[in-house]
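Naming follows writing order (A, B, C and D), and every chain is counted from residue 1.
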Amino acid sequence: MRAAIAGASGYAGGELLRLLLGHPTLRIGALTAASSAGTPLGDHQPHLPQLASRLIEETTPETLAGHDVVFLALPHGHSAAVAARLGDECVVVDCGADHRLTDPAAWQEFYGGAHAGSWPYGLPELPGQREVLKGARRIAVPGCYPTAVTLALLPAYAAGLAEPEVVVVAASGTSGAGKAPKAHLLGSEVMGSASAYGVGGVHRHTPEMEQNLGRVAGTPVSVSFTPVLAPMSRGILATCTAPAVPGLTAKALREAYEDAFAAEPFVTLLPEGRWPATATTYGANTAAVQVTLDRRAGRVVAVIAIDNLTKGTAGGAIQSVNLALGLPEELGLPTTGVAP
Amino acid sequence: MRAAIAGASGYAGGELLRLLLGHPTLRIGALTAASSAGTPLGDHQPHLPQLASRLIEETTPETLAGHDVVFLALPHGHSAAVAARLGDECVVVDCGADHRLTDPAAWQEFYGGAHAGSWPYGLPELPGQREVLKGARRIAVPGCYPTAVTLALLPAYAAGLAEPEVVVVAASGTSGAGKAPKAHLLGSEVMGSASAYGVGGVHRHTPEMEQNLGRVAGTPVSVSFTPVLAPMSRGILATCTAPAVPGLTAKALREAYEDAFAAEPFVTLLPEGRWPATATTYGANTAAVQVTLDRRAGRVVAVIAIDNLTKGTAGGAIQSVNLALGLPEELGLPTTGVAP
Amino acid sequence: MRAAIAGASGYAGGELLRLLLGHPTLRIGALTAASSAGTPLGDHQPHLPQLASRLIEETTPETLAGHDVVFLALPHGHSAAVAARLGDECVVVDCGADHRLTDPAAWQEFYGGAHAGSWPYGLPELPGQREVLKGARRIAVPGCYPTAVTLALLPAYAAGLAEPEVVVVAASGTSGAGKAPKAHLLGSEVMGSASAYGVGGVHRHTPEMEQNLGRVAGTPVSVSFTPVLAPMSRGILATCTAPAVPGLTAKALREAYEDAFAAEPFVTLLPEGRWPATATTYGANTAAVQVTLDRRAGRVVAVIAIDNLTKGTAGGAIQSVNLALGLPEELGLPTTGVAP
Amino acid sequence: MRAAIAGASGYAGGELLRLLLGHPTLRIGALTAASSAGTPLGDHQPHLPQLASRLIEETTPETLAGHDVVFLALPHGHSAAVAARLGDECVVVDCGADHRLTDPAAWQEFYGGAHAGSWPYGLPELPGQREVLKGARRIAVPGCYPTAVTLALLPAYAAGLAEPEVVVVAASGTSGAGKAPKAHLLGSEVMGSASAYGVGGVHRHTPEMEQNLGRVAGTPVSVSFTPVLAPMSRGILATCTAPAVPGLTAKALREAYEDAFAAEPFVTLLPEGRWPATATTYGANTAAVQVTLDRRAGRVVAVIAIDNLTKGTAGGAIQSVNLALGLPEELGLPTTGVAP
């Protein structure tokens, strides 16, 4: 089976290629992009020497045609039109935001413009979602922050252990901001510095978190979300907290998390007393979770670490594609981080 | 006037020395430490070439005697005994935790052992505190996290704009963990990684935050605090959020912050739309604050950046000493960060 | 086939385990260590969740017995005694320094104590070395710096293009200094800082470089080596320069490098004009090389990037083991870096 | 006395402003720039809260007129024309390259275009240069790398202890590459990575090093220079090595360095056995030097650390201006690094 990658010169595209080079079933087909079309991939992804001489083509329906899977790592607003030209039998995977939100009003508020509709949501760990993804031909890859936050709080809301008012503060590596050169993302600016951005309910991943957690809880959940840019290339460390329901015990909380993740191939609940570090998930499709009950403040506090480019984007995308194609869910996905 | 520094080989001691070298009134007297006594300061603080050949002495009442000011940068539990030998006329500044908490029960819960009592609390920005510090001969330097969190939320609680249930997630540079070699603080472990620790209400700075905010609010305030170790040497970026009181407007919130900080020499409320970055406070005794009202979640969200070693420890200590000695509060304290 | 790892809690041990988890033929057997014996591996290598509950045993002849391969990642001076107990049929791989040097006088000068003798040297790229390694039952894994420097200059000396007086300055990530906690390796010390150490011909990897280059050149080669600690966890970037022989042209130099590396599976000569970056080899068993002729100074200048833990230690070790066991040399070894 | 800064929004401009804010004699006058004219300085230099509301003007002869000192931090090729309009009584300080080289042929080879001529060279530590700078009204600020390399080898060549063939490998922080956004300077690209660039005698600072060392040696000196981009914002660590003259002893070498730097206010020869780290000079106008004789290789090896923005640019500039204005050379210049 052959997979095309649109947006092959960016960070998400590079990570898709790195993972596909280790995938036993999916072969790499067309590599396309916009401004870098016509240049060799080696100019953009020097860490992939096997593909260094492959030429990048323009992203057009023609170059993407004839593949079993097409990954779209494009700016938002472009994927619907491309997908419409690709045929129903092709698995089209939107790594962008266009098809994540089910509520047109939320789309309008946070992104503006016409809502492209929603596609099957590529987070297999959501209850019932593996069945949705099996055989799917359109997949909306979740945002990196929503992946982290949803996994961190899923057991609490599935078991009814937390009130529906969440506070999230999440530190992210700079690759989440992409490869387009901007002054505030220069190494000189980010090294040695932590900074907040998109504060106060304006970050576009906020409604996606609310959508996921509300679905799990069966009731609307509000999220106060503050993203923080941290001086590292990769990784998200999300601290997620919500008021505990009355009478919640630490034991019940722990058991809910143990039960929820016991069969998950990519999510690890850490032993008690150990807290997640992003380095342990570096380059892996894994999530490391810990949870505790803050008795003094009466809150559930869950912390999760993922790699924003792997489990948070490209790895999560391939995990869903594996399901869509009827392959083993774990096929070709690394479960060891590169550390130290 | 001469100042002695006990704990001169550690990070807090080094920062005190760096600042005192630029202070026009305070001269550096004895440098003392425990295990590094007998070695030249240059072995421990190579960034201070002027003092490289100064020998470190043992921390004893004798070596600390005869100074106008004695800074104690010692592990907790030691400062009360040392201070008892130093005489009432000497300004004794405890950079450790021993005399910060007024509630013996809180001390017992978080530190254990006998409570040494409380000293005038060295955060001049607290309402009425400048008067307390003027002429004080004992000063308890606040913890680095409580300095950040208290400043970030002080205007909100002073003006009654937030409910008394705070959630704080704060990223800190590694110097906050000190200079004693530990495997989890190795460069190989911390570079490229963010990790949580002391989660769930167990961090010792929690009751100190509650004490400060409760004093400002005039009512008990609970704090859910999650510290995060970030891959940088210095800096704290604290995201502090609490439910807004009913009817709060963004305009009223902004005005409360503008009023509270208008006359503060070291705290800057950023222009609307710009959010704090720790790099802007690197090496400076400054705090950069921003606040917003998250209307969807109904919360006040304040973010602050400080340098944990400067405003968070050594600079804050000297600011209070300036008041204690009747000197201008800003004397000798840098207000420009070293960036990029 | 089963492989034991002695020194499983350290950085070299962790990297061996990470790579072996992806190796199709070698299974992981005993995990042993010294002071961490009795603890679960998850306490030391949290990035390997699959092995988190495996208990570390003591490093003894008994725990290491019965394996096809034994990797020794021990402090120097220990491996000869362990190997003597393991039997001739076992492939014993010394990741330490004990058996690298063939000259007892060089051993005596740089390490002191009795020389344990030399084993087949695990750098397959050296001329004729693949034949030596096929069927070998003892392997001395090269030092990380000598791996880099030898590969960078091998084509120049094999083709007689440089005079035998080399100057090397190499920046290394901190993992090369190991996991034992030392104050100068704390994150607070190394982040934001580059520093030299072991300057002036005293670093223990110097005679190993001279041994390798002298063997290739067929004449003694002297090396002036300056190692630099850089603020990154992994990676070596070595700048290697020597006087060009009279009449050398840029074309002849380029062709020598093209020829030398054309068939090498793990060494890439970059396209002209692009220079190596360590990030492109992060976590991979690859080397990226570039070379040029500095006409003004009359010198060959070669620059190489490797990952000190992968190609520089654990990956190089497995590459040699593959040869020793008659397996394909590239088996189980990643050739894609994790970037950005 | 008032000083204008042209290029106030860049890194060199920001560092000039930071230092001038602490200078007792020079007041900050006009702030000018090109594309950022019309915006407040706080948008560009948020670490300087005192100047946040100052508006940036266009760089024109009119805005720069009427100052005692004008600092030009402009792209090369612009300063001669600006200076021609400023009058002879004004001290014009070119932080760019235009007036550093005395040899028009070297200018032509490395920069191209017409040579603007040379100005008094702003490195007071060069023999006889303090006299040149006293009363000077035009100053060419040295490049950051040449500052480091010249100081590191000055004693060796002044005393005739090294042959005139130098090899330099120098790691630099990213601020040396400026603030213009470029993809290869993004934090995602530079964090965790060391990379070489401008290899093989093509870096524009090469002829400047040769000019300085040749002047000290009294004979032409060739330099093979390899710059390395290191994952840090500030700092240069230069390893500088040259063949020792026959019969050189370690004692004679050490004494030459001790003598050369004994009276220098900003250059410290470290105690034997300790090697420079850039962190010790962070934000300071200092240089830390160490030297040794590599007996095996027969080479002098000197290592130096400076802050590229302070001693390497803005601090060095002010040091020369102090001399030009007849002020104490050390006035307003920090000699303590910000560490850790």
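Definition applied: a contact is a pair of C-beta atoms (placed from the backbone, for glycine too) under 8 Å apart; a residue touches a chain by one contact, two chains touch by 3 or more.
Nothing here was measured: the structure is a model prediction, and the numbers come from that model.
Colleague: Check every other chain and keep only those touching both chain A and chain D; list them.
Modeller: B, C
Colleague: Using only Cα atoms to place each chain's centre, name the chain farthest from chain C.
Modeller: Farthest chain from chain C, going by C-alpha centroids: B.
Colleague: Roughly how many whole angstrom separate the Cα centroids of chain A and chain B?
Modeller: 37
Colleague: Can you compute the centre-to-centre distance for chain B and chain C, using the mean CA position of each chain? Integer Å is fine.
Modeller: Chain B and chain C have C-alpha centres separated by 45 Å.
Colleague: Check each residue of chain C and list the ones that touch at least two other chains.
Modeller: Residue numbers touching two or more other chains: 11, 175, 179, 186, 188-189, 191-192, 231-234, 277, 279, 282, 339-340.
Colleague: In their shared complex, at which residues does chain D touch chain C?
Modeller: 165, 167, 169, 171, 186, 188-189, 191-197, 199-201, 206, 222-224, 226, 228, 230-235, 237, 239, 241, 275-279, 282, 290, 292-299, 301, 303, 305, 339-340
Colleague: What part of chain A is in contact with chain C in the complex they form?
Modeller: Those in contact with chain C are residues 11, 14, 18, 21-22, 42, 45-50, 52, 175, 179, 191-192, 233-234, 268, 270-271, 274, 277, 279-284, 286, 288, 334-340.
Colleague: List the residues on chain C that touch chain B in their complex, please.
Modeller: Against chain B, the touching part of chain C is residues 11, 173-175, 177, 179-183, 185-192, 231-233.
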